[in-house]
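Next, two complexes with chain A in common: one pairs it with chain B, the other with chain C.
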Partner chain A sequence: MEILLIPSLFALLALFVPGKVVRVFGLVGGLASVILTCVLVCKFQQNGGQAVTFFELAQNNFGFTSKMGYDGIGLFMIILTNVITFIILLSNFNREVAQNKLFTAMLFLMQAALLGVFTSMDGLLFYIFWEISLIPIFIIALSFGGSDRKRTLTKFFIYTFVGSLAMLASLIAIKSYATSFAIEDLMAVELSSKVAFWIFGGFFLAFAIKIPLFPFHTWQPSTYSTAPMAGTMLLSALMLKMALYGMIRWMVPLAPEALNDFQYPIIVLGIIGVVYAGVIAIKQSDMKRLFAFASISHVGLIAAGIIIFDKENLTAALIQMFNHSLVAVGLFLSVDILEKRMGTRKLEELGGVAKLAPKFGFMFAALALASVSVPFTSGFIGEFLLLKGLYSYHWVVGLIAGTTLVLGAVYTLRAYQLSMYGAPKMASFEDLTWNEWLAYFIIMAIIVIVGVCPQMIIDTVGPSIDQLLESYKISNTIIK
Partner chain B sequence: MDALIVIFLSGLISLFVAFTKKPILVLLTSSIGILAAIGLFIAQWNNPVTLFSYEGLEFTNSAILYSIAACIFGLFSILVGYNIYSKQPEHTGEYISLMVFSLVGAVCMLAFTDMFMFFLGLEILSIPIYVMAGTKKSDLRSSEASLKYFLMGAFATGVLLFGIAWTYGATGSFKLTEIATAISTASETGQSSILYVGILLILASFLFKVGAAPFHFWSPDVYEGSPNTVTGFMAAVVKLGAFGAFYKIFNVAFPEVHGFWAPAIMVLAVVTMFIGNLSALSQVHFKRLLAYSSITHVGYALLTIITVSSNSEANLWVYLFGYGFSIIALVTIAQLLNDDEDKIDAFKGLAKRSPFLAAVAVLSLLSLAGVPPLIGFFGKYLVFSEAFTQYPILVIVAIANSGIGVYYYLKTIIAIFQKEDVSEEKIEIPSLQVVVLSICALTILVGGLVLSQYKML
Partner chain C sequence: MKIEQLVPLIILLPLIGGIINGVLGKRLPKMVVGSIATAVMFVSFFLALNVFFQLNEATTINLFTVIRLDDFSLFARLLVDDLSIWMTLIVTGIGSLIHLFSMGYMSHDKGYYKFFTYLNLFIFAMLILILGSNYFMLFFGWEGVGICSYLLIGFHYSDENKGLLNGLAARKAFIMNRIGDLGLLIGLFLLLATFGTLEYTEVAAKLAELSPSNWMLFGITFCLFVGATGKSAQIPLFTWLPDAMAGPTPVSALIHAATMVTAGIFLVVRSNFLFEAPGAQLTQDIMLYVGLATSLVAAFIAMRQNDIKKVLAYSTVSQLGFIFVALGMGAYTAAIFHVTTHAFFKALLFLGSGSVIHAMSDEQDIRKMGGLKKFIPITHITFLIGTLAISGFPFLSGFFSKDEILAHALHHNPLIYGALAFSALLTAVYMFRLYFVVFHGEFRGSDHAKSHLHESPYNMTIPLMVLAVLSVIGGALNLPGKHWFSHFLNHNVMGLDKIEELHVDNGSLITLMATASILTLVALIGAYSIYVKKKSLPVEDSQLTGWAKLSANKLYLDEIYDFLFVRPMEALSKLAHQLIEIVILNNIVLGAAKAIGKSGDLVKKIQTGRTEWYLLWMVFGIIGLVVYYLVKI
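Let's look at the complex of A and B:
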């Protein structure tokens, strides 16, 4: 429970601390969650990886149990959330927004909502946290975002809200067959294939919009480029992971009967996203938009991997989710550093930064390489395993998905080259400040550690994935 | 019963206290009276007290639950309106006691057992509101609202009486339970067609009272023209009373012919949702926006009337309870903004001008939009999930409508956070408003989570 209480408490207190210390206060809050996460991981390992339930109320009259807990996958997402939130707070430390109370409060509220999503073991509770997470990100983007935010954010909010309503409809529908909202009860429900199709479809709409999968992605590039740095980081690093996690935990296990109907279309959509967004990213001149499209391209691959739904692909997808979060945070930080110091993020107007700011040049280069999945980075492990999985599903799929490696290299290196090399277009460029350097360092350290020994993650999530697949198989054999 | 008398007496005393020309005394007597009534209601939970041997009113648990909500909303309306009323000390007594008397009508409408008492309650509820709608005498729109509401209301009352008469003709009784018995006895031999005419007429007048399509045309004009407090009172208390009575008459007296009236309500619920939502999309006046959004909410609430379930009445209550808090908070904030034209643009920059008001407004709007974990979400969830097993398509239409609705709530929220070209002037909030808004915000925030833990009825 303390895992949720700490961010909620910090969110509340952030509104009342004096303006000068609010950024230090934010950092302390982020650190507190990270330390707590370490404690939880140790405890989890001591208990041999048993699923933990830390909160439960008696079932009420309409089957709402408020059950919360986590297994290996949940713990993995908790680690991700808390680490990324800390990095976001750290990289914002010398920005103006960090001194804003509302911003800090909303960031912590976001963290609490995300942790809620990842620890809910009750369908309705999952939905509640899922929706709560929309509010802080909306307020952050609305209060601190760039131009044209009214239109963009209205589109973003309505898009995601409509998707969530589809999920609510699915939850109501599946609940009408079950005794309570607890995940075991919902999973035990046997559905006819027609009903399962609609329920799966409702979940899919919600998740496809949030991920976003082609053709539900139209809100994403403009929202990413309008939102302030922290907002973009939250959106790309954490919010879309909610949807990928939702696919693993809720969508497929709840209506496995419809998996066969949806598997092929989702893989196709994912692959289209990989190629389509990759090609568009190559042509972008706005760096933030470029990385926004790059994000669509990467998550398309992850979604396609998840929906194959076997152990290898799920593990790979989780590693790649982790990697994508770190890389996205790093890349958007780089874009923001360029934008803050140069006043633009257009590729034509940038150039030669590497000469003036060697530290920044090095870190950005390292991240760019991690983004194109060079060996010894976590991206290599995740992407390689995913492509292998897709290839064994069907060789054509694997082949098309494989273009992500080429496309990724083209757009990432092009962006790096145009912005960092060539003749300097400015007189001076302030190199990294300590907090930016530290943020980069943490990101790179984790990327390399995971890249060298991914076994840590595989061991954490492995047993839980086995368990998940087993219950899925059981419900599948009942149908057959 | 005794609570009802207490409310009535407090209204009467307030009227006489007003001769002292000290508004604060009027406020005190009326609020103490209503608070005492709430206390009496709570004491009678599961333990009904009968005074006299009168059978026209019966305070069952459901009647008590609805009455408590009505009293809370009535009290809030009086409290937030006080600052305006007290500017004219010679009229404060009338304004406040009219509201209290209207509340008496609402309670009668929630506790009746026969058509006679129901009709009486409806009239006691409505007549003070016709007057109150016109209390902004210098404003032409207020007079328009008053006249329009009165004419339409009188017409609807006529239709209702006509319907009651036809029903009496078919069943030979005014008592709800006797009507139900008569209908079920007659169902073996075939219903008299007179009954169906009666039911349709009663239905029409109810749809008018709650403001459902196609009888909704009065509500935007009346909401816009009336003083804000009265708008809040109408949206919270009158809706509560009308829906309580609606549910009771159709599910106590006419359940046997459910198959006859349910399809009609089903179709009208869908029409109501769409008309409310689509008209709200392009509104620029805030209270008109609220009026159209309230039409949509009526559409959702109508689902409970047709859902045959033991939980429906409690679900309807949770829905209206949450709705009432949001709407009272919003009209109070609109009143504090003090914009004569009542434009949504008046909300621009509220986050800067008064963070407290902005927070309450955002909470209320999100609750109306149905964002969890606010009380509006739980209301909606309960209504939809209960109806789902019987009317799956209807529920999906309703959920889709919630998606449309979010646009216009969002429009206001975006205005609240706007930073460009806004006035920097801070807003002064009188302490009564702070209290009411804080209670509203707290209820909206945690009310849903708390209420969902209990079985209400």
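Let's look at the complex of A and C:
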């Protein structure tokens, strides 16, 4: 329970902390969660990877159990959330917003909501946290975002809200067959294929918008580029992972009867996204937009991998989700550093920064290379396994998805070189401050560690994936 | 020490060197940085020599498990046999010399420590590629050398004038390689799907057991070959290599001539059992003709290049094509033999050109050189030896290794022999042209440049001399009739022991050698009479016509690729963004929003706010319900 209480408490207290120390307060809060995560990981391993339930209400008439807990997958998402939140706090430390009480409070609220999403073992609770998470990101983007934010955010809000409603409808529909909202009750429900289709579809709409999958992505590039750095980081590194996680934990296990109908379309949409967004990213001149499209391209691959729904692909998808979060945070930090120091993020107005700011040049280069999945980065293994999985599904799918190898190199290196190479276009450029450097360092360190021993992640999530697949198989055989 | 301990050490040393320099290099004096990097290389080389003399049977060394899933595992495992240890000797040996050379060559560079870090890391990745016991390790190293190559080509990225161009060259190399990598990756997946493993030995064992369909074998070998065309610069993916000359010259010598570009060849030789399987015959033929075409095209382009490094780059492409012809004929030992001698003399030529460029204060245009033999005598002699060796001058290394391939070609198909011999003739012509224009005649540069001319320091000339000696005697490795090198490789390299050696009788051997010698001499005399006697010089590109113009403009291949691939892709990118993204998808969303808005308008008309209307609607509703139930009953 403390895992949720700490960020909530910090969110509340942040509103009353004096303005001067609020950023230090934020950092302490982020660190507290990270330390707690370490403790949880140790405990989890001592207990041999047993699933943990840390909160449960007595059964009531309404069927709302509010059960909360985590297994290996949930723990993995907790680690991701807390580490990324800390990095976001750290990289914002020298920004103006870090001095803002509201901003800090909202960031912690976001963290709490995300942790709630990842630990909910009750359908209704999952939905509640899912919706709560919309509030802080909306406030952050609205209060601290760039131009044209009202229009963009309205679009974003309506889009995701439509998805959420569809998900709520699905949840209520499936609950009507079950005794409670508890996940095991919902999973035990046997559905006719027609009903399963609609329930699956409702979840899918919510998740497809949040990820976003082609063609539900049109809110994403404008929202990413309007939101402040922290907002973009939250959206890309954490919020979209809620949807990918939702696919794994809720969508398929609850309505596995419909997986056959949806598998092929989702894979197709995923790899269309890989190519389509990758191609568009090639000629973008706004760096933030460019990486926004790149993000669509990368997550398309992950979504396609998840929906194959076997152990290898789920593992690969989880590794790649982790990798994507870290890389996305690093890349958007790089874009923000350029924008803050240069006043622009247009590629044609940038250039030659590497010479003036060697530390920044190095770190940005390392991130760019991690983003194109070179050896010794977490992306190398993740991408290898994902492409292998898609290839085993069908070789054409594997081949088309494989173009990400080439497209990724084209747009990422173009963005990096046009902004960093050549003769400097400015007189001076302040190199990384300590907090920025540290943020980069943590990101790169994790990327390399996971890249060298990916087995760590596999061991954490493996048993839980087995369990998940086991229950999924049972419900599937009952149908057949 | 035992092999099991030595080999991991050989691989780790360059990594350690790279890490030390990468982390501390900035604060260390240049001398220390260079010494660390070079020392680890030499130690690695001597350890490799040690292993070389100890090794008898092929040995597998388990390091650790990278990934362990239920039915699928990836291992970090090494396979030490005569092939991999031989390649290790080449990589670490030539690598050591080039590290030593770089200590002098890069001494004025600001990014000194970065350079040595990348160079060490490159060797590390290359050793993984060579020594791995499975295709995953190979792919790991494959991608690793690609990224080091990228970093080193774009090494001078903040150059005022050329920074962006260097970056572009690096990017081009990386992207073209990535296209090949995609082929290789698909090949790996095919292997996994067919054999369920990526270990070389297991694949070979299961090949006999499972006997997959011919088409599958063709698919696998073809995909592997696509990967090889990227890394080893064959048609259609070769245009990155000449551009890669934007990197510092030692890099061109090490990565883009002696080692990395032979990775594709290594891959084919390593997978020889696959390529020899029935069904892969088609791939072999494709390989043969692609190699032949590459060899001729690159030699043709090299004829009219005026940048000293570009000539050598095209020459490399051409020689690699030559080797692929050998692979296409199943002459694996001949291929590795030529890889070896080529590593000697091409590294020598590149380092020699580096010494020239160093003396010329970074001038690379051969039209501004001339008469350099007086000023840089050691470079001159060694460069001459390199030129003779690559041209196939009798009894130098290139003579024997080329002859081996030519003998195979004659045996295979006389037409191919003819084409290869022509390619060899072209090689001799452009190399002698290069040599005479650079070292003979009068100095044509500015007086300022002339005053700067100087021979390079010893740490640069010693590698030249060592490589020159190797270029002379390297042919002795595999003398016709003796074939020590072939026996060495056939001894314990999987698959190669099953391939029958080609035996050429003495009569045709002498005919072959005589023909080759005559061709070389013709080229030598021809080039001498044109460039030394007549003192004619390469003219401006604008004055060239016909074939010469085509050659000078590299067959317009860059322009053609630009027209066929780059621009359509960019146009597609813009089209997708402007048409699909903004017009179509956005309008659908807005349309949906508007439709909802419109429906709201419709409802709004009903919501008039006047009670009598509401009452009326209510009455209608009740009537409707009553009617509905009446009908239903």
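In this section, the second predicted complex is superposed on the first by the 480 of 480 C-alpha atoms of A that agree within 3 Å, B and C clash if a C-alpha of one lies under 4 Å from a C-alpha of the other, contacts with A are read in each partner's own complex, and residues count from 1 in each chain.
The criterion applied here is as follows: a residue touches a chain if its C-beta (ideal position, glycine included) is under 8 Å from a C-beta of that chain, and two chains touch if they have at least 3 such contacts.
Note that the coordinates shown come from a computational prediction; the quantities given were computed from them, not determined experimentally.
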| item | value |
| --- | --- |
| Partner chain in contact with A:I128 - chain B first, chain C second, else both or neither | first |
| Partner chain in contact with A:L142 - chain B first, chain C second, else both or neither | first |
| Which of chain B and chain C A:C38 touches, first, second, both or neither | neither |
| Which superposed partner A:A445 touches (first chain B, second chain C, both, neither) | neither |
| Touching partner for A:G402 - first (chain B), second (chain C), both, neither | second |
| First, second, both or neither for A:Y421, with chain B first and chain C second | second |
| In the superposition, chain B vs chain C on chain A residues touched | C |
| Partner chain(s) touched by A:N61 [first = chain B, second = chain C, both, neither] | first |
| Partner chain in contact with A:V28 - chain B first, chain C second, else both or neither | neither |
| Touching partner for A:I158 - first (chain B), second (chain C), both, neither | both |
| Intersection of chain A interface sets (partners chain B, chain C) | 158 |
| Complex contacts: residues of chain B adjacent to chain A | 311, 351, 366, 369, 371-373, 377, 381-382, 384-385, 388-389, 392, 395-396, 399-400, 402-403, 406-407, 410-411, 413-414, 417, 419, 452-455 |
| Residue ranges of chain C touching chain A (in the complex, touch as defined) | 65-70, 72, 125, 136, 139-141, 143-144, 146-147, 150, 154, 157-161, 163-164, 166-168, 170-171, 174-175, 178-179, 181-182, 185-186, 189, 192-193, 569-570, 572-574, 576-577, 580-581, 585-586, 588-589, 593 |
| List of chain A residues in touch with chain B within their complex | 57, 60-62, 64, 124, 127-128, 131-132, 134-135, 139, 142-143, 150, 153-154, 157-158, 161-162, 165-166, 168-169, 172-173, 175-176 |
| Sites on chain A touched by chain C in the complex | 155, 158-159, 215, 218, 276, 279-284, 311-312, 315, 351-352, 354-355, 369, 374-376, 380-381, 384-385, 387-388, 391-392, 395, 398-399, 402-403, 405-406, 409-410, 413-414, 417-418, 420-424, 454-455, 458, 462 |
